[in-house]
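Below are the structure tokens for one structure; questions will follow.
We call the chains A, B, C and D, going by the order they appear; numbering starts again at 1 in every chain.
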Amino acid sequence: MQKPSTERAPLSPTRFEPKDAAFDRRIRDSFARQALMRTIGAELMRVEPGRVEIALPFRTDLTQQHGYLHAGIVTTIADSACGYAAYSLMPPKSEVLSVEFKVNLLRPAKGEKFLAVAEVVKAGKTLTVVRADVFGIDEEDQRELIATMLGTMICIR
Amino acid sequence: MQKPSTERAPLSPTRFEPKDAAFDRRIRDSFARQALMRTIGAELMRVEPGRVEIALPFRTDLTQQHGYLHAGIVTTIADSACGYAAYSLMPPKSEVLSVEFKVNLLRPAKGEKFLAVAEVVKAGKTLTVVRADVFGIDEEDQRELIATMLGTMICIR
Amino acid sequence: MQKPSTERAPLSPTRFEPKDAAFDRRIRDSFARQALMRTIGAELMRVEPGRVEIALPFRTDLTQQHGYLHAGIVTTIADSACGYAAYSLMPPKSEVLSVEFKVNLLRPAKGEKFLAVAEVVKAGKTLTVVRADVFGIDEEDQRELIATMLGTMICIR
Amino acid sequence: MQKPSTERAPLSPTRFEPKDAAFDRRIRDSFARQALMRTIGAELMRVEPGRVEIALPFRTDLTQQHGYLHAGIVTTIADSACGYAAYSLMPPKSEVLSVEFKVNLLRPAKGEKFLAVAEVVKAGKTLTVVRADVFGIDEEDQRELIATMLGTMICIR
């Protein structure tokens, strides 16, 4: 039986060295200032060097015309997770901005909640390339991959 | 002086022939069912064969950490505009879904309001390629290009 | 009748101001050093501030399994055109590199020759966003849009 | 020390079930008809359900202006690998075409040879989403990740 989404390899354990020992605090402070995260009910979960997870409970006021989570909201949590995964490796007093991203919507965004898992692919001095998978999670805690992002973040000093 | 955003060519007058005379009604009904559009305060503006515009007034509860409109919300209105631009050329009783899109964030998303202008590049039987420009508009009605999207929509019959 | 590719608006007349009066020479020298351009038979055509065109005659040794031009070669001329369109606005002694690009393949790459037309969307100090259209041109000089690219170039000083 | 490219998780073992027992033969026949692969000297390596590898020895006639492999050639082998990874899961008598892809160029394309490793992310009836990593390999057989692709392929019956 073909189960690509669940049989996919887990994202790699990162071995990135942060340039700022206070990266966790810096990210949590920044996340708290993203008013949109509160508005949609998103929550910052794991924060590690080069990897960040953001969770979002399903809400009917965030849906598209068929009742699924709108692709723009799927993108929103993936983008914030990518931005903070990149930011975790940036030096103190820097800022992070999204340069561009590409998203493939793989399945209808169904689920009780959603989890965006972002991972740095390549950290550079100016540009950091990041990818994220977004999972829909049902009431039995089964994950299904619903979208994947590949993007570029920039470090502003 | 270099003014790329204002000197850019206007999007082309479309000459697409809709396959469904009731395309305007069909799009407005679908837009009304996108709960997220109400949640963020987005409004469906012009609807033409192969082109759709969506406006969004700035709101502080839609911002990222620097106080600008979050890239995910920029993407949300661009994606909905692209989806409906594609949908305007699809036959009756079809549905439209986003396959994928790519967004370049060009400038900080500043403005009193925002306008996403989507235009079909190529309409196919199954897949339709669409692009959108998103403008920030200040209190003097000056437009600045803040993001551009290139994406693919699919027709579900 | 629906003719999206020919009825599309012509790319805008650029009003970009080059930072290097010798941009044309600089681009032609760099193009001459791209060995791949010779290998595939590509030719640098118009060079203007913020816009560059590259032509490629069809050759059977550049095809994919159905006898059309391979998507990788379509991408090759689009990428070089985008890179040089960005480079036309960069200062003396800088270098240009591709950060990323996204390509939509719109129609089979048929034609006697092909033309990639690249245009700067937004020129920044470090990053420049560029788009390109690639046309297939038949023996009667009719153009058909076969692919479109949206990409990011970086200026190395 | 930060070594993202070598410490990244290996691509997952695929558990995809092919719909055509003769997928290997079908892919090798199609590859042999891609004239461009011969022209650039690319070689089809591993073919598994949902995963395909293509190797390319470095050649100076495939370079850009700094002497590295041209991004268009990096894209060419990634695109063919992605297309065939998708094709490995398609039914008999189908054809595969690239719909779109996005490439991030991560490092200068240096190496004695290059390897594109493509893996299906989600196989659908019509559309298949695929990703590929391209590695530069030096004379000591050390791999470095130089580019990553995320793309969409379509099945034509």
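Please note the rule applied: a contact is a pair of C-beta atoms (placed from the backbone, for glycine too) under 8 Å apart; a residue touches a chain by one contact, two chains touch by 3 or more.
None of the values given here were measured: they were computed from a predicted structure.
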item	value
Of A-C and C-D, whichever chain pair has more C-beta contact pairs	C-D
Chain A and chain C: spacing of chain centres that average the CA atoms, whole Å	33
Centre-to-centre distance between chain D and chain C (centres being mean Cα positions), rounded to whole Å	23
Shared interface positions of chain A, touching two or more other chains	99-100, 102, 104, 129, 152
Pairwise touch network: line, ring, star, complete, or other	complete
Of all residues in chain A, those that touch chain B in their complex	30-31, 33-36, 38-39, 60-66, 70-73, 75-77, 79-80, 95, 97-105
Partner chain B, residues of chain D touching it in the complex	99-100, 102, 126-127, 129, 152, 154
Residues of chain C defined as touching chain B within the complex	1-5, 7-17, 50, 102, 104, 106-107, 120-123, 129, 131, 145, 148, 150, 152
